[in-house]
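Heads up, the next two complexes both have subunit A, just with different partners, subunit B and then subunit C.
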Partner chain A sequence: MKGGGWGRWAAAGALALLVAFAVFPFAWALVASVTPEAELFEGGGGWPRRLTGDHYRALFTERDFWVPIRNSLVVAGATTAFCVAVGSLAAYALARLRFRGKAAILGFVLAVTMFPQISIVSPLFLLLRELRLINTYPGLVLPYLTFAMPLTVWLLVGYFRQIPPDLEEAARIDGATRWQTFTRVVLPLAVPGLATTAILTFIYCWNEFLFALSFTLGPERHTVPVAIALFRGQYQVPWGEVLAASLVATAPVAAVVLAFQRRIVQGLTSGAVKG
Partner chain B sequence: MADPRSDDLRAERRFAWTLVAPALATILLVAVFPLGWTVWESLHRNDLRMPWLGKPFVGLGNYAEILADGRFRGALGHTALFTALTVSLEMVLGLFLALAMNRAFRGRGVVRAAILVPWAIPTVVAALLWRFLFDSEAGIVNAVLVGVGAVDEPPVWFINAATAWVPVVLADVWKTTPFVALLLLAGLQSIPTELYEAAAVDGAGRWWQLRHITLPLLRPALLVALIFRTLDAFRVFDLIYVLTGGGPGTSTEPVALYTFNALFQNLRFGYGAALSVIVFGITFALALLYIRGLGVSLSGEER
Partner chain C sequence: MADIRLEHVDKVYPNGYVAARELSLEVADGELLVLVGPSGSGKSTVLRMIAGLEAPTGGTVWIGGRDVTRLPPQERDLAMVFQSYALYPHMTVRENLGFGLRMRKVAAEEIRRRVDAVAESLGLAELLDRRPAQLSGGQRQRVALGRALVREPCAFLFDEPLSNLDAKLRVETRAELSRLHRRLGATMVYVTHDQVEAVTLGDRVAVLRDGVLQQVAPPMELYRAPANRFVGEFIGSPAMNFFEGTLRREGAGCVFRGRHFEMAVPRAEEGSEGAAVLGVRPHDLGLGGAAGEGDGVLRAEVGVVEPMGSEQVVHLFAPGGERVVAVTRPDLPLRVEETVEVRIPARAVHLFRGSDGRRIPAAG
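On to the complex of A and B.
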């Protein structure tokens, strides 16, 4: 390894500080989420005198937090499944096949990933209203495709390019059709890439806020971020429950990210670092 | 006589278009078509509170109104301020973090895991965590400030524009610096170590290596991170919606939130559409800069 001596210690110290900075808000929220409501407002700081599970209990009984979790799972799951299925076809063609207009399509896909959501929110609202899809699952999946589809295609192109072309050529010489080559040779090899793409797309959908806020009307269709953002108590923010809900929303994402961190980082950075 | 090679190419082309068509059609339908509609809508007055007025064509009337709209200029200023503050902090911290992660060989996995989690969680959750830290009664920031005697009275961060920006900027830096760091780390790892070894043999110091090897070779990654972050910061919505709601008053309201309010609070769809078009125009200009300026390899030939 490069370097040594004090430089490495300084780097290690700085990293430790940054890790603490990254972790602290979670740790603090965790403590607060098991602190009785009355103690929370006695002025911040301090370890709770008594631990309580009340906030978590209230979350799932009084606030029916299962409902937004189910909504988020359905919407993010459906969007991800559709995007990976349809996007993998396009990504393979864009990564491997020779045809005119390929570069233009890739540039177009990349440009759409940078679309500001706010700039299409008004026509989508009018369109969904016309189709009577406001406050429905399809009414969220459809808008979610605007960012999820280009993201999926862009990520998958990167993965398909990494698969060695020799195997496809061999399959073609053995008489396999193009479609068979794609489904029987390329797709099995692309499974890790497809999985990583699915994870990233799912996370983006799970976290989405603006569309979910604009196209749902009531708690029965709110997704997790909208439900948490709209938590209100009678007089003050019900911090105990808000933080409990925040941690519940974070836990699955954190678990997935920790389990697949190497792959996720690779997926995140692959599209961007060449130049 | 048909050349079998060209037949083959034609078949490949047909196959390729068959595969691309569904995804391309989806994107055109859900993203491009609505965008066109936004432009069309922006040329009309469409007030959903007063449907009896119909949808008269007003030409560039909405845009003219925007030019004279103080609240829009304010929102543009807040967005620029937010973008400048957060992106510069994130680039510096991210570079620092990437350099440190590239050097430390033990515990790199732990660091990566710890910083990835803030990136992966919903922005709404990040905003709430920071709102809690800065809460005037229950927040730890005030407890610490009072505890060390820095202030006599715990400040109420969110009633004053200047102090309201503090948690907003900190929360964004906390959430997105990891992304910058990881992009830059990937860039650092693609720099061949032989370059450093050769420089060390020639007696070059660490500082010289950083300036003459690392930074020039990291330029593409730095540029990508910079533009990604700029575009993202310019679109900021969730974070400010939850942390300050654009307040106090409209003193922290960014353009995306103003547009949202014009649409869903005031129900002025024509005016909101015109605001949307302007946001899109600015973002698109920045995105073009990215695609052109970087010459991202789009042709399929890697690197």
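On to the complex of A and C.
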């Protein structure tokens, strides 16, 4: 490149600004979570005079934060597993089989995600109460499927369509049944797509608040977002603990994403180039 | 090994597109039949119906005396080589070759033995642990071929397997396929749009156009006696020259009168008088030299001369812009824009009916 000069500096400056903008809230939360309670309310911000682990300690002693983490893992994990297992079959059928009303089904699946969540809370509550599923894990997994399943199906239809049909035909002629073709040829090739889809689904479920708040009753079934929201007492908000909890809640998701990072990038970009 | 028979097979797509109409075709046990035609002629669809990847909308498909019309592909015991090779990208060459045997529950030891044998014969032994992405085009083609061979199926299907190779490799592989067919004595159906591939490989060649079978015959017969104008034009390179005109009887023989020439032609069958098309191959046309007895003579201007080394292709224009292509010996001196006499030997003439293009047979 020639004559970058000012242009290069301007681009670097803009990027630095963008990074600062994206990272600032996390940095702020991290600093605040290790600042003693008293200092937090003095105002002014900036670096604390003394670092403390009190907020984190409180989280796992007084607050019993393990419980909501366990609940969130179970609910988000179960929803994700179910979505990928069932959603991949549905998506494969929609991507490959020829049948009437395929477009209508896909449109319908998408339409389901468009209901404002708040509008289905009451009917779902009545339904779950009737089924005696309020304050249970299935009582959260089932409602989560309403938004997670359409997401899974839509993403996976896209991935399956990219797999060359020749490969499946070759497998059929090689003697594989439809099911064997699916498990031996299609699924292994769709792994990046499956990983991406699973992670997105998991993140959605992990952060979901409204359903979790409405369909759980006691702390023994609260998920992480609900638990954090209920930290606030009548007269004060324990900001230190709230922010510590937020960071603790972000950690597992970040870990999963980092673990699958290469696969995701592959998955997100593999659709861009044909062949 | 088995024979393949199509009986009155139709394929009409829901959108009304006809890929095969009333198609009856027989491939003898051990025969290599080539399906050839321009793109959109339905040749691939016919192959896919044999494979079971498409269901015919009418008619019956027989393989080895068994009605397989409704059988799914995995129960037909065929092997197919795809144009795209369709290698499984997530498997090594060894796994690719062995996939069909694994699906058919052949013992691991037996799979190993057969994969090794085929890899050895195709020169793939060194590549068994690689993945398709790490192979060259020619190597992928071999793996695709090997995957079919290792299965020892009752018949082989080829869907334009050479069209992704470069010219040199294509000629080599073509010869290799021919040798392979002779060695195995296997039933093979081979689809191509390339008429050179068709006539060099096929025991018999079936020419398709718009889903309708035009002619099935050994290559030389297609060349010598095309059943209609379409086959005449499609088989042979450069393509046959055609002249519109009329045919009438005159005494014991017949006379063809074109726009720029008139000539006596062998006596044609009763009732063939009227509008006709005379076809003659570029190799049969004579340029320069004296006209023989009964030759048709056409005066035309030399447009382009293409030296090909062993011969030269001459593009000429008759008055009125009619285009004529002739192939001559390479050292025939010709100047562009010079007007020359083009001789049409009576014995090399093909006559087709003006109405439907069908060949007019000589009277017996």
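The working rule: the second predicted complex is superposed on the first by the 240 of 275 C-alpha atoms of A that agree within 3 Å, B and C clash if a C-alpha of one lies under 4 Å from a C-alpha of the other, contacts with A are read in each partner's own complex, and residues count from 1 in each chain.
Keep this in mind: a contact is a pair of C-beta atoms (placed from the backbone, for glycine too) under 8 Å apart; a residue touches a chain by one contact, two chains touch by 3 or more.
Quick caveat, the model's predicted, so the values are computed rather than measured.
J.: Of the two partners subunit B and subunit C, which one touches more residues belonging to subunit A?
T.: Of subunit B and subunit C, more residues of subunit A lie in contact with B.
J.: Applying the document's definition of touch, where does A:Leu126 land relative to subunit B and subunit C: first, second, both, or neither?
T.: First partner only.
J.: Touching A:Leu167 in the superposition: subunit B (first), subunit C (second), both, neither?
T.: second
J.: Would you check which partner chain A:Leu94 touches, where first means subunit B only, second means subunit C only, and both and neither mean what they say?
T.: In the superposed model, A:Leu94 contacts subunit B only, not subunit C.
J.: Identify the overlap between the subunit B-contacting and the subunit C-contacting residues of subunit A.
T.: None.
J.: Per the contact definition, I'd like the list of subunit A residues that touch subunit B in the complex.
T.: Residues of subunit A touching subunit B: 1-3, 7-8, 11-12, 14-15, 18-19, 21-23, 25-26, 28-29, 32, 40-41, 43-46, 86-87, 89-100, 102-103, 105-112, 114-127, 142-143, 145-146, 149-150, 153, 161, 178-179, 182, 203, 206-207, 209-210, 213-214, 224-226, 228-229, 237, 239, 242-243, 246, 249-250, 253-254, 256-258, 261, 264-265, 268-269, 272-275.
J.: Can you list the subunit B residues touching subunit A in their complex?
T.: The touching residues are 9, 11-13, 15-17, 19-20, 22-24, 26-27, 30-32, 34-35, 37-38, 41, 96-97, 99-101, 103-105, 107, 109-118, 120-126, 128-133, 135, 137-144, 146-147, 154, 174, 178-179, 182-183, 185-187, 190, 193, 196, 206, 220-221, 223-225, 228, 231, 234-235, 237-238, 241-242, 255-256, 259-260, 263-264, 269, 272-273, 276-277, 279-280, 283-284, 286-288, 290-291, 294-300, 302-303.
J.: Inside the complex, what are the residues of subunit A that reach subunit C?
T.: Interface residues on the subunit A side: 164, 166-167, 169-177, 180, 184-185, 188-189.
J.: For subunit C, which residues count as touching subunit A in their complex?
T.: Residues 51-53, 72-74, 76, 78-80, 82, 84, 86, 88-90, 99-100, 103-104, 147, 151, 157.
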